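Chains: A, B, C and D, in written order; residue numbering restarts at 1 for each.
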Amino acid sequence: MSAETIPADARSGSPLSKAQLAARVAADIRPGSYVNLGIGLPTLVADHLPEDSGITLHTENGLLGMGPTPEPDAVDPELINAGKVPVTELAGASYFHQADSFAMMRGGHIDVCVLGAFQVSTSGDLANWSTGKPGAVPAVGGAMDLAVGAKRSVVMMTLLTKDGQPKLLRECTLPLTGVGCVSRIYSDIAVIDVGPGRRDDDGARVVETYGVTHGELEEMLGLRLGFAAG
Amino acid sequence: MSAETIPADARSGSPLSKAQLAARVAADIRPGSYVNLGIGLPTLVADHLPEDSGITLHTENGLLGMGPTPEPDAVDPELINAGKVPVTELAGASYFHQADSFAMMRGGHIDVCVLGAFQVSTSGDLANWSTGKPGAVPAVGGAMDLAVGAKRSVVMMTLLTKDGQPKLLRECTLPLTGVGCVSRIYSDIAVIDVGPGRRDDDGARVVETYGVTHGELEEMLGLRLGFAAG
Amino acid sequence: MTVQLARTALEAVGDVADGSTVMIGGFGPAGQPVELIEALLEQGAGDLVVVSNNAGNGEDALARLILERRVRKIVCSFPRQVDSWHFDAAYRAGEIELELVPQGNLAERIRAAGAGLGGFFTPTGFGTPLAEGKETRLVDGVPMVLESPIRADVALVKALRADGVGNLVYRKTARNFGPVMATAARRTVVQVHEVVPTGSIDPETVVTPGIYVDAVVPIDSVTTLAGVQPGARGVAS
Amino acid sequence: MTVQLARTALEAVGDVADGSTVMIGGFGPAGQPVELIEALLEQGAGDLVVVSNNAGNGEDALARLILERRVRKIVCSFPRQVDSWHFDAAYRAGEIELELVPQGNLAERIRAAGAGLGGFFTPTGFGTPLAEGKETRLVDGVPMVLESPIRADVALVKALRADGVGNLVYRKTARNFGPVMATAARRTVVQVHEVVPTGSIDPETVVTPGIYVDAVVPIDSVTTLAGVQPGARGVAS
């Protein structure tokens, strides 16, 4: 249905670039949605939202109606996003304090939250805040609130680590951010639905693949995968 | 210490009028305090607060910095107090919604709350919302929040019912509004401290009497009363 | 979701199913969404659960909803008023269920629903009949009661002004329950004095961000500003 | 209580006892009360518990408080940053205690303290290491964690503007933690860009009512508006 917004080679024989992946995520966001884009890869999605989509961005540090990065001479240190990067405000924006901002997120008012991830389980568990390395200084920010707060939380990531290890697993091995909270993974190689669904497989259902066959994907991940209802 | 603000006859041989009682309550409120005056008798206290006292009135329907009743031609149906009576706003006022307003009250930020009462117990229990009559339509409003929310809750009432029954009792017989929440009773006949204190008596300590002796007061109430520390 | 800009209160209220829970803003006359309640009356839904600080005055629309036995239950802090005769009669006849809630708990429970909380502990009501049967515990030596969130299918709210994306500002003590109710309903319908162009409400002063608002209808200014119920039941845009 | 209008940040901060819990507003540079933290550094209190979203950057005042081992414990959502070397070193040396709190829980727990609540149930953190040892329960089928209020002895907050009774308005995303922290501390100290006459802030737009504010100090406008740390540590009125 959103195929026309995906670059042509996205559905041909090669994995998606970061920009193509961002465009693929953006294509699934319905016009008029309220959206929170997590720090890192998900922020790229903003560049691919059509101007007339009526999509409104929330940043959990206290702004609804966030606009793009300003010109360097218009940077305002008191107008930043959750990644502490300067942003702008659009017409119709509103500011609020942290408790009100997280009430908005945690109360299920944000339609879609796009998150980065270290690992996702086939049942929708998310691990994206801690590498679990001993001695590492931990930090969580709003990750746990975002994971469980939105109407729909999706993950945007490469499907394999730099070492070639799958990031979609039967069970996450890293410390969890949330339990059963992710409904879909958008990756360079495939779009895969996770979490509750028909379970004649390992609980994950392939929506699309890029440059790999269904069978190759299963082998790559060491998982039996279903097909998303279509 | 606040004796000069009490009309001279207040400490002579007769019970206090409503206006004298209101003045007596007002005299104990420290300059600069934030105060909530309950519906009914306590609203009279506002007329006796010195203009230069810096005392700020809160009304739990959403206004801090409430001013007196407006002239009839300046009535605004959207500017009312908790008793739904038209009021005004003073310089430095602020409006807020119900959850913020009750957070202000319930979070212990109001210095003094003056409440009416049907009954108060010597341990500071309050009954002021229900007559307990079978078939009566109940209503509570903010009474239970006010009773326990302020830094200090005091009661302003006649000490006897119209039938001559004591309203200060060992135990309240009417449905409670709050437990152990009242610290002082201001009445036409006496000012009495209740709640935690030295208990070589029935838990209530007389501060002042008007037109009765300590002994007469004890007989009238059927209670042994202590003396408030001076 | 895009905000629906309705021409009439009836269009704004839209379909309300029988059995719905409906939050109604206002504290006495201040902030009462008079024309939206009239529209609900006209719309016809029954078996309603109403969440509102009061239970109707005189012959107003909420009172008439109760008179017509369209309200199965009311969740309310102060139903009894000098002119709440329709509620009083229904209550005495056992034909309406009343959940009496302290006003601060009412506001906080509605906020909790909007904020995604599962409940909270509060000292309010401890040791009173209104806490009977509820879980209690000592928190730092203070006895507290567990209170649960209150959510709704529809919220009817009155505000002063909306912009094109549904941002709201209110007026004086008419603000009262509107901002919290708007967060706690699946669908929030707002009557406003005026709709202004998007961008003309200072983002620092927005009280209810548009994300909480589903439909807006502009209603005659005199009614809104003065809070006086109009003679006619019709609604002007 | 009347609001104290201080001439210097040091005077505004006043006596802070050893062992105090101090809330510090700000999310990164936005809303950070730089001069008040500098004053706390100068004032000398130690054995502090600090409640703050971050744990200092570079050589800023909070980082130096940690470097000087004046902070016994920090309650924080995001201590690790590229330039949080003083916190990182203290943490690795086991010389500072860290209570890591999800940002939404941090905000809501501070609000709960200010609102007089004894705790609340939230789904955030359930099934994660940050909820270990905490009470959990199913609420309407959703697993939730019981979170407790966080209160403080002192809150240090930055706002845009105050009037003579302490009403505050903020600026853009610098608002962040200020409004909730102001409600949760026994003493709230605020640095503002300017103090304006009482009556010149529209009562509809006040974000923090003066009841929550104990001391106000006006600080050099460029610093406040741009959020840039000045070269000099001195404070102008």
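Going forward, a residue touches a chain if its C-beta (ideal position, glycine included) is under 8 Å from a C-beta of that chain, and two chains touch if they have at least 3 such contacts.
Predicted, not measured: the structure shown is a model, and the values here were computed from it.
**Student:** Please identify each chain that touches subunit A as well as subunit D.
**Tutor:** C
**Student:** Quick check: how many Å separate the C-alpha centres of subunit C and subunit D?
**Tutor:** The computed centroid separation for subunit C versus subunit D comes out at 34 Å.
**Student:** Mind checking the centre-to-centre distance between subunit A and subunit C? Centres are C-alpha means, answer in whole Å.
**Tutor:** Here the centre of subunit C sits 35 Å away from the centre of subunit A.
**Student:** As a quick test, compute the distance in whole Å between the mean CA positions of subunit A and subunit B.
**Tutor:** For subunit A versus subunit B, the centre distance works out to 56 Å.
**Student:** Which residues belonging to subunit C are in contact with no fewer than two other chains?
**Tutor:** 108, 111, 115-117, 122-123, 170-172, 204
**Student:** Name the residues of subunit A that each touch 2 or more other chains.
**Tutor:** Subunit A, residues with two or more chain partners: 89, 95-96, 99, 102-103, 106, 149.
**Student:** Building nodes from the protein chains and edges from chain pairs that touch, which of line, ring, star, complete or other describes the result?
**Tutor:** Other.
**Student:** According to the definition of touch, which chains form touching pairs?
**Tutor:** Applying the touch rule to all chain pairs gives A-C, A-D, B-C, B-D, C-D.
**Student:** Quick check on the complex: what are the subunit B residues that touch subunit D?
**Tutor:** 31-34, 54, 56, 58, 64-65, 89, 91-96, 99, 102-104, 106-111, 149
**Student:** So in the complex, the part of subunit C that touches subunit D is made up of which residues?
**Tutor:** So the residues of subunit C in touch with subunit D come to 108, 112, 115-123, 137, 139-140, 142, 144, 148, 169-172, 202, 204-205.
**Student:** For a test of understanding, state which residues of subunit A touch subunit D in their complex under the given definition.
**Tutor:** Going through subunit A, the ones touching subunit D are 59-63, 76-81, 84, 89, 95-99, 101-103, 105-106, 125, 130, 135, 137-145, 148-149, 175-179.
**Student:** Going by the contact rule set out above, which residues of subunit D touch subunit A in the complex?
**Tutor:** Touching subunit A from subunit D are residues 27-31, 77-81, 84, 87-88, 91-92, 98, 100-108, 110-111, 122-130, 143, 170-180, 207, 225-228.
**Student:** Taking the complex as given, what residues does subunit D use to touch subunit B?
**Tutor:** Subunit D reaches subunit B through residues 1-2, 111, 113-117, 163-165, 167, 183, 198-199, 203-204, 206, 209-212.
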